[in-house]
Amino acid sequence: MRLLEYQGKDFLKLIGIDVPEGVVISAPSEASGAFERIGKKVVLKAQVPIGGRGKAGGIKPADDPKTAQEVASELFGKEIRGFKVKKLLVEEALDIAREIYMGITIDTRSGKRTFMFCDAGGMDIEEIVKLFPERLVRIDKYPSEALREYEIRSALRGKGFERELLVKLSHIAASMFDAFVRYDLTILEINPLCLLKDGRIVAADAKVEVDDNALFRQEYFSKLEKVDVEDYMEREAKEIGVSYVVLDGDIGLISSGAGLGMYTVDLMADEGLRPANFLETGGGITAKLINDSIRLVLRRGNIKAILINLYGGVNSLIEAANGVKQARESFAKDVPIVVKAVGNQQEEAWEILSSAGVHLIKTFHTEKAIDLLKEILSQKERG
Amino acid sequence: MAILLTYETRAIVQGITGRVGSIQTRWMLEYGTKILAGVTPGRKGETVYGVPVFDDVKETVERFGVNATVIFAPPFAAKDAVFEAIDAGIKLVVVIPEHVPIADAMEMREVARKRGVVMLGPTTPGVISPGVGKLGIMPGNMFKPGKVGVISRSGTLSYEVSGYLNDEGFGESSVVGIGADPVTGVDIADILEMFDRDNDTEAVVIVGEIGGSREEDASAVIRRMRKPVIAFIAGRLAPPGKRMGHAGAIIQGETGSADSKLRVLEDAGAKIAFKLSEIPKILRKVL
Amino acid sequence: MRLLEYQGKDFLKLIGIDVPEGVVISAPSEASGAFERIGKKVVLKAQVPIGGRGKAGGIKPADDPKTAQEVASELFGKEIRGFKVKKLLVEEALDIAREIYMGITIDTRSGKRTFMFCDAGGMDIEEIVKLFPERLVRIDKYPSEALREYEIRSALRGKGFERELLVKLSHIAASMFDAFVRYDLTILEINPLCLLKDGRIVAADAKVEVDDNALFRQEYFSKLEKVDVEDYMEREAKEIGVSYVVLDGDIGLISSGAGLGMYTVDLMADEGLRPANFLETGGGITAKLINDSIRLVLRRGNIKAILINLYGGVNSLIEAANGVKQARESFAKDVPIVVKAVGNQQEEAWEILSSAGVHLIKTFHTEKAIDLLKEILSQKERG
Amino acid sequence: MAILLTYETRAIVQGITGRVGSIQTRWMLEYGTKILAGVTPGRKGETVYGVPVFDDVKETVERFGVNATVIFAPPFAAKDAVFEAIDAGIKLVVVIPEHVPIADAMEMREVARKRGVVMLGPTTPGVISPGVGKLGIMPGNMFKPGKVGVISRSGTLSYEVSGYLNDEGFGESSVVGIGADPVTGVDIADILEMFDRDNDTEAVVIVGEIGGSREEDASAVIRRMRKPVIAFIAGRLAPPGKRMGHAGAIIQGETGSADSKLRVLEDAGAKIAFKLSEIPKILRKVL
């Protein structure tokens, strides 16, 4: 779960890190009021769940209430990198003396949490680190280890931070790390952390991602207003309980594993077929889940055929077959469906699938399923 | 004779009374696996397909000299189940559940490695040594005894690759799912070393996928291995995954893409298969 | 900080452990209403911060609202082992099938937290454990170690708990241990934990003590209504910042360390002198603290003399001397004061003390100070 | 020559710029102690009575080869200060502050002991080796060089007992406050063993007090010691302390009272002093 900027900043406040003065608005008419509350020059920032919004025109300054309202009207009408603007963060314009980078993520390689600091921040951080690797301070910690302020102070020694600034930066870093652990985060990034000319240290941006699998124990986040991050179909997929990504082709694809799904996409592409989506069921297949998945795939419109690639390991092929049959009998009457199903209880499943009028592959060969699919499509084209 | 799961393996099932745990226990038994006991707290005295159930792992170790476990716990309880197995002295822990919090997976990995425990998963199909037994959820009919070791990040693809190996008469010594989660107990490199030491394995197939760097990290082992290694990466043309922020990008560097993996693996001496169907052909050449 | 029973039970509820249905009342008139709310036979329990209240008549049953009111009136008039009854807990009468003991404390010897379980509970628990040590289950944990439910399950194996009961008891124990760590507790004891005939498992009593030194980070407890635990003078002492215990003699005693104070009490007793109190300053002596301490000691009335026993290590003897002088000049004009003061900056301190008209011992010998005190008292008696 | 604090000791003061830290630094310096640096985060570049201040302990270790620290931190910050010192490789840590949460003291004790660090405190006056130096808050004028080792749970009583030793011409090799808190870094037993190995110590005085079981726990060491031990317990007639619930009573068993301590110590071969003034007389007999 990825937070919008304003939600991320609320979270930073919660853990004791300062952010610029700001007001969130949902309509252009609220902009001048927000300006008055802040009481100085502002920037209006489109709240969209994607990076690069600055270059896409999603961040604009305003020096007076009237301009603020005009800018807000303009932004609320926009679509930024595919996302409609539904909220704006109206924030004090910052008088920046210096920018810093701080970020924490999980190094899946080692299974450690990795804290990173750079004495420069901003959009070019990756370039800076590539060119001047010595400017990156990196501390890795096993789950059993805490990151303590003194380690950060030691690590920042000689990097040009002194007196209170050193103490404050170390404290911010320790608070971030502590929160990262406590709140089951997968990313916590402040870029840039700004030293302002008036002496304040504020997080000018906030990137916060929470482990979806840990939301059950993270009430703060599970109670947050759900962000309109995904395509509505991806959201529906979440409710059904499957992973779903929209692609731009015309073949519906359902697979019972991520690896198998990726492999099937590769093979389809090799054969010039274009999947309309990537839908992976995971290990919890029921008849209903398959039925719902087929409905979801078809909702996309313009679907020429569906390929269902299944193994019966932890998944029940019988459940899957029943789901296909139900869909066939109600809403998926006409679309060609190719099903490859092998594994535990395959014979029973084949029987059900045969009665459902789908094209059946009874061996493990995904390549054969794709050959069959191609054949069906070309027959269809020929009429 | 095989790695990890051998004729000496004496296993339990944690979460044996659950819906999935019980049916999978049946299938493991039918495959000939030595499942000596099961554990579900509060259910001691029951049996599942003839297997006696206990309240805690320690008692099963004390009674039956158990040395492996297959865990079917809900995701939030997986960590405790793993720690219970490790504390009871079990050295092979197969963690089936998906959706385990990554922080828990990290703790499990740290403890398992410190204690010398081989932990497969989370989100693993487990390990099968065809003809010997299976600890996990893979369909037994997809595998045949043979001389090729298989290491896979994906369960389903390990079934598919075994299909090709069987078709062409190779079969598998052991098929090991390290787990599909970002953080797992063992790395591809760990399993490669086991296969290299195993007398019954003549070649190893790595079924990788895009993301992470487990494949790249295996290159040092591949370089010093005596046995041929064939590598396949799924997701060559898959849509790019989520970016893990600048921090993720900095850590990841150049690793993670299919290109990176294939280049590094080939450079280390692995033969590259672009389709699974190519694997048997390559095997014929190298064996 | 020690919680009253009802506060302890509120805390148990917070951490997910069931307690009997109960209502806290502050006046007899609320008793019948409380009875109605509970809707069955009740017991009324005096809320006093001391054990043994049952034997002292602080717990009484009532089978109907009228009796409840009468019993409440009786209890509110009582003083139990020195404490006036200001609150009653009206609680459902329990139909008990079995009693269990669970407790956690800190083993100062090893620096570990110790969990204890016994398959019998109640007031005789210490006797039971002495007679049948094998019935005690004990698990010790270093701070870096968690106590997990499976360890408790393993430890309870063969103790006669099965099925859900085993699972529930393990869960309660793990919740207690987790809370003990998280909330900086020094004691958490449920005795007895009752298995009721209707199948519920409830904590029939709750003993909760929190580390006073950790209250700064334990908002839940620092916000709790302060319990009227101590003598009002002990409470005032806490505000001043000293440790204070009331004794039954007539010599005021102020010392700059606990060990020194205990030693002084021993020596006084050997000489037949009886201290009126035990007041220990700790390491934060200021003039005001000493001045306040002398006032507190004198407030006891009936004080024949004051003995002040000080070392100047971390404490400033000059501050102490100024505090004595201020007290001398305002409210402590007549009482004889013996001061022993040695250590850092002793000469400057002696000068101030001499000008304050106190009896001064300039060596380390506490025995000499007591001899001097005896002499002064006998002179005084002789007139 | 002394234990813990010797001519090789090179110390820092953590919290050197605070009110107490700075004045005590002055007194330690005046006593001749080698204080090479101080640490207060954010104050690097300042000096306190000529001692240079740094932001972190590690830098002082790298620059000055520091091997001991005296900590004057507020109670809530004591744990971090101790961990910083231990992580920087310091093996003698003196924790002056009172009112440290007991959970923090437990963590400090666990880590210190695992890492082979001698931690005095919390709530310790520190250690003084008369004539050599002092790491702590004891008034230097209360001590004289000599051959008697003193171990005390109470700061003030260690001053008083040293007074008697000086009066009678004994003096002290080292005087060690283990700390007055319920949980401390070292036990009386640990310090006894050090004194037994120290060539300059001929006898040891234990100044104990009621509560806890550190005195009782020392009996095994006393039994095997070559040097005479004299024990004193304060609080013979003190009011009984708070009961730590049934749990506390069960753990404590018979230990904790003055009677218990005196009986166990005497049984182990220690000579018992009922008043501090008796100690020099006993010393004359045993030396």
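By letter and in written order, the chains are A, B, C and D; residue numbering begins at 1 in each of them.
The definition used in the following text is that contacts are C-beta pairs under 8 Å (C-beta built on N, C-alpha and C of every residue); 3 or more make two chains touch, one makes a residue touch a chain.
None of these values were measured; they are calculated from a predicted model.
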Original post:
Which chains contact both subunit B and subunit C?
Top reply: none
**OP:** Starting from the mean Cα coordinates of subunit C and subunit D, work out the distance between those two points in Å.
**Re:** 27
Subject >> Chain centre separation in whole Å, for subunit D relative to subunit B (CA means) >> reply: 54
Subject >> Separation of subunit A from subunit D, taking each centre as the mean of its C-alpha atoms, in whole Å >> reply: 56
Subject >> Junction residues of subunit A, two or more chains touched >> reply: 144
Original post:
Which residues does subunit D have that touch at least 2 chains other than itself?
Top reply: none
Original post:
Can the chain contact pattern be summarised as a line, a ring, a star, a complete graph, or none of these (other)?
Top reply: ring
Original post:
Taking all chains into account, which pairs touch?
Top reply: A-B, A-D, B-C, C-D
Original post:
Okay, in this complex, where on subunit D does subunit A touch?
Top reply: 41-45, 55-59, 80, 83-84, 87
Original post:
Across the complex, what residues on subunit C touch subunit D?
Top reply: 51, 101, 103-109, 111-114, 116, 125-126, 129, 136, 142-144, 181, 184, 186-187, 189, 191, 207, 209, 211, 213-214, 216-217, 245, 247, 255-260, 262-263, 265-267, 269-270, 278, 282-283, 311-314, 342-344, 346, 363-367
**OP:** Using the touch definition up top, name the residues of subunit C that touch subunit B in the complex.
**Re:** 148-151, 153-154, 157, 162-164, 166-167, 170
Original post:
Residues of subunit B touching subunit A in their complex?
Top reply: 20, 24, 27, 75-76, 96, 98-107, 109-110, 125, 136-142, 152-157, 159-160, 163-164, 180, 182-183, 207, 209-210, 212-214, 217, 234-239, 243-251, 275-277
